[in-house]
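Input: structures, listed below.
Same chain, two partners: subunit A is paired with subunit B first, then with subunit C.
Moving on, here comes the complex of A and B:
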């Protein structure tokens, strides 16, 4: 295909499309600084995100990033290995661009009365650029830069409702914890550099033997890196910003952060730990198997997220804690790595993040719709909505049951493949059996609070009289598309599963 | 492709009904449901399979397409019918059509959603009986829960919310247990299986059995998996002591949902026991024969005693299901042609008879708005036809010759009494037969008080003859019950043909 003749740097095209869209939005803003032309702004953003998606899918089909041994065009390394475009990069870029497109379409209605329209959309695009860069970053320096590029616009986005105390407070909390974890992450990078003398991920792996004398230093560095990832993926112990930030932020931004940003956080965790710190070699140097840390984190994160979610009365907070719970599920991908491989578990975690991208975005967008209607925030406020808005509520039912992992929906496949592979990994690492048990218990528990929301909208009767509900076209379209994707993900899971497993196999090598 | 056509027609019909106007939804759903019912009868007449689906039998209407590759395991879309599943599929399609007609009177709120969900349940039930790949089967198995949860939760009685959530949590937790056990089994079978196709797993189980996995001996794993799966399915059946969700769900569910719950959903449990536990684990079934037979007999006697203590007609019928399902388990554990064949026959027969009973109670309730035995007497005076059918159904329950209940129970007792595989079978069988006496006791007692004697009603309703569309479905059911009682070989031949291969693995022909 024509991809062959393009120069190497075009492999970063998805990220470039995002940044170009952000610049286009700046141009629109500079021509007319106070433009409220929502169609133009949201439309440009959505088109940009869809263009990035199109390029990514085209690359995937053309074989960019697929190893030449499997008939692809080979993994693209750029700037001396600082960036890499392989199947994992493209896989996660797909997630980011789909979520970005959905969020842009939904924001058309949600942000209708907002003053800073073009700023809002360009910040989304810049954050998406950072996330796409995270998917490609292959050195601790580029990882950190991409991480900050994704984080800084996110702080502003959370706090963008400047007249709303909750939004501003959430933005501040998010920023302070983000700054703390960035500092820890950076310190971890410096320790790893001190021990191995390298920042590029393959080079770190090659020089692990030389770090024998600094085993403790390296171990501490790795621990600090884990802290940085935990922040970006909203996992224990840096999870506590998530409920505050998601609750205070505009709901589309909550969707954006909890889906795309979390997936991007996982891609750097997957890449750094599989490429730079192979289990066997690292264990020989630091004396501890780092997967143990992820076993503990996975169990604690999913349990804490689910138990906290079960006690919430506020729907948005419930979804925030459920997103922490899902981070715990995805962490299994790292916990299940072993000297013999573990690409199946990691592939399963990637599938879960993929499907989670639609269903969780959809759930938060329903909250956005409810905020747009002004019906209130608690479960009781949602009572009986299905009588007035059956289509949106049917979509909500799809998201909730899919998040709970009930068939026939996309979330079923990813969660059950994850479960299957966790038990498979238990053959080499007995601790995975505990993880599998925790996964089952948490899934059963999660059903309680997910079905509680379904029960509220479908089964309960409304508390008081409610005015007729509007049907904002953008929000409705985004929700319905997310619901359709969640349903279609079930029959069409074959390609998703193949892509994830191949990507994981290549990454683990 | 016929099974796919059957599923597609039902699913598309469900969607169409869901968005149809409430006014015509009932009639529309009835018209649509005639298609799967007709197709089901056509499948019945064109059936050309032989042997058991899991044990190298000739499948009818088979189709198999690769779907997803999970590591080294293939998941396929794999469906087909044999002599055990075909009668259950036909039962499902007929019972759903009749249940739809019987809901015309009681359902007067959100009709399109109600009928849409009934058709959606029908599709999933067909899928449960037709699927031959574990994942496909599990998708349908779990997907039944969502519509049933909503049917009970939205259209149920006063305590519907409690009943719906109890039903959902009980059966879902049981499914998770069963699912986990089955995955462990597949992994412990090692290289002998490369897919989740049930026939392949059954062959591997019968030829080699599990290897050591995670340091646990293969025989221990087989026993543990057998017990876990038995418990998982026993909740669905249900047997004592896992039966407590059943009376709540039945009493609160609207009549058509009760018909489907008792008529088909309970059979999912016994069908799965036959397919999984008793086909794949003949050795373990023999080792656990005494405790399982004890559970069966306790369910028969205790269920009947509970029914005897009720004053709510619907509760009486609900508890009698526990009792009847005990017979089925007894027949299965006997491992003789009449035992297992009779148990399968009894699944169909009980589906018809309990469906009829629930419909009859529903018709009386529609008119009187009470189900309490103490609130009414002499109903035969006002509703002679409906009451006549109720009495006929009760006699079917008691096992009156020339009705299908007689043949089912007779075959089970005949098969279990002479079983050489079941120790103390000459003790268990007479104990279970004593259950019939209690059944006759509570049914006759309830009928005597409600149906006969001078007319009296506590509630202020004018009771007249039931409308034709309420009575017609009951006549159809009664006709099928009598037809199967007079000529059981209509389905018993194909059942024994499919059951015999199971018995070749350690049972008695």
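Moving on, here comes the complex of A and C:
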């Protein structure tokens, strides 16, 4: 294959395409400051994201990152192991680039009246660069820098409607909690460095046994790292920014943060904990099995997210809490690592994040459409929308039932596999049985509030008379594509599942 | 090393706790930013002391990166504080409550 002849650094091409697109947007802005040419700007962004997607898929098909034993071109390590491009990298880069493209297309209409167009799109691209870099980061240095590169534009994006009090308040809360958690994360890194003397993930793992004297420091460091991951993935204990930030932010940005940013947070958590802190070796040093922390966090996160979502009247807030609940499901991937078959559980969690990327983006984009129409924010305000916009509401039905896990949609299969793998892991780790039970109970509860929204749009009568609803082409296109992807995820589920399981096995192996 | 490594860790933990205390008690967004900065610098003290202790430069170099990132973070933070002031006529972080918890 031609890939073999390319220099090693081209393995980072998806992230490079993102950053090149961001720079191209800056160039457009510097040639024509205050340009309001939305087609050009949103088009460039979408093309850039799709190009990154194309490169990623090409790499996957060509076998970049697949171990040579399986007929691939081998895992690519760059800059002395600071970055690594393997199947997990490419898997999550796919999620990030698809979500970015959808958000860019949807923003074409949603941000139509915004003054600072090119800034908005270049910030999206820079955040996407950070997320793609997070997927490849293989050292605590690059993890932290990529995390900040994803976070800093996100703060600005949440607060970008600067005359809107909700947006500014959301940006403030997102920023304050983000700054706090990144300081805690950095301190955790410094403690891990102190205990092992290294920041590169494999080197940390190799030097764990030398850290016996510093077991306490290392344990505290790992705990603080968990804090940083919890923030990025919107899990307990750093979840409370999520409802505020998602509610106040422009809806396409909420979609971006709750899908792409969450997936990127999970990829660094998966990578750091599988590569740098192998369960047995770490347990021998710090005396506690760190998967216990994730068992507790997974159960608390999914329960809190789902119960809080069930009590909401505001649709966007409901989706925000449901996003916390789904973070809890994905955390199971880390909770099961100490058991036999832990890589299967992690693979299932990755699958869930993949499917979740589409259905959740779609759900938030429907909220974006509703905000574009100006119908209001509560469930009652959504009543009877299906009579005026059947296509978008049919898509909403797909997203909601998929999020709830109704067969035969994609969300059902990822949850089902997650459940069976969790049960499978329960043989060697009894706590997984409790996790599996919590997963079932929470999924059943989630059906209540998801179907409530479907009932509102399809069955209830509108409260008052509405004017005819516009059909913004960008938002509609993004929603329909997200719906199609959610449905197509069904026949494509075999390959997705294989890719996720292989990626997880390689990452752990 | 003349000064034992434990003293550096104690110093950085003290700094970290001071910063955390500031975040938990202050309501002024600017003081909040300063407290975060103290926490970041606590981590930098650790990184540099441990780099000396372990005899490799990784920690020192990373401390430079951390400082640059902290500066970038503050730049974004000040921007957000600025729009906060324009919208709410205050930099008290407890004032914006248009969304309930």
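Going forward, the second predicted complex is superposed on the first by the 506 of 509 C-alpha atoms of A that agree within 3 Å, B and C clash if a C-alpha of one lies under 4 Å from a C-alpha of the other, contacts with A are read in each partner's own complex, and residues count from 1 in each chain.
Everything that follows uses one rule, which is that contacts are C-beta pairs under 8 Å (C-beta built on N, C-alpha and C of every residue); 3 or more make two chains touch, one makes a residue touch a chain.
Source: prediction; values computed, not measured.
In the superposed model, A:201 makes contact with neither subunit B nor subunit C. Within the superposed three-chain model, A:240 lies in touch with subunit C and out of touch with subunit B [touch as defined at top]. In the superposed pair of complexes, A:455 makes contact with subunit B only, with no contact to subunit C. In the superposition on chain A, A:257 makes contact with neither subunit B nor subunit C. Of the two partner chains, subunit C is the only one that A:189 touches; subunit B does not reach it.
Comparing the two interfaces of subunit A, the one with subunit B and the one with subunit C have no residue in common.
Here subunit A touches subunit B in the complex through residues 344, 348, 387, 390, 394, 397, 401, 406-408, 412-413, 416-417, 419-421, 423-424, 426-427, 430, 433, 436, 440, 443-444, 447-448, 451, 454-455, 458-460, 490, 493-494, 497-498, 501, going by the rule given at the top.
Within the complex formed with subunit C, the residues of subunit A that make contact are 140-141, 144-145, 148, 152, 155-156, 159, 162-163, 165-166, 168-173, 175-176, 179-180, 182-184, 186-187, 189-191, 193-194, 197-199, 217, 240, 243-244, 247-248. Listing the residues of subunit B that touch subunit A in their complex gives 18, 67-71, 73, 110, 113, 124, 135, 138-140, 142-143, 145-146, 149-150, 153-154, 160-161, 164-165, 168-169, 172-173, 176-177, 179-180, 183-184, 187, 213-215. Partner subunit A is touched in their complex by these residues of subunit C: 5, 9, 12, 16, 19, 23, 29, 32-33, 36, 39-40, 42-44, 46-47, 49-50, 53-54, 56, 58-59, 61-62, 65-66, 69, 72-73, 76-77, 79-81, 83-84, 86-88, 93, 96-99, 101.
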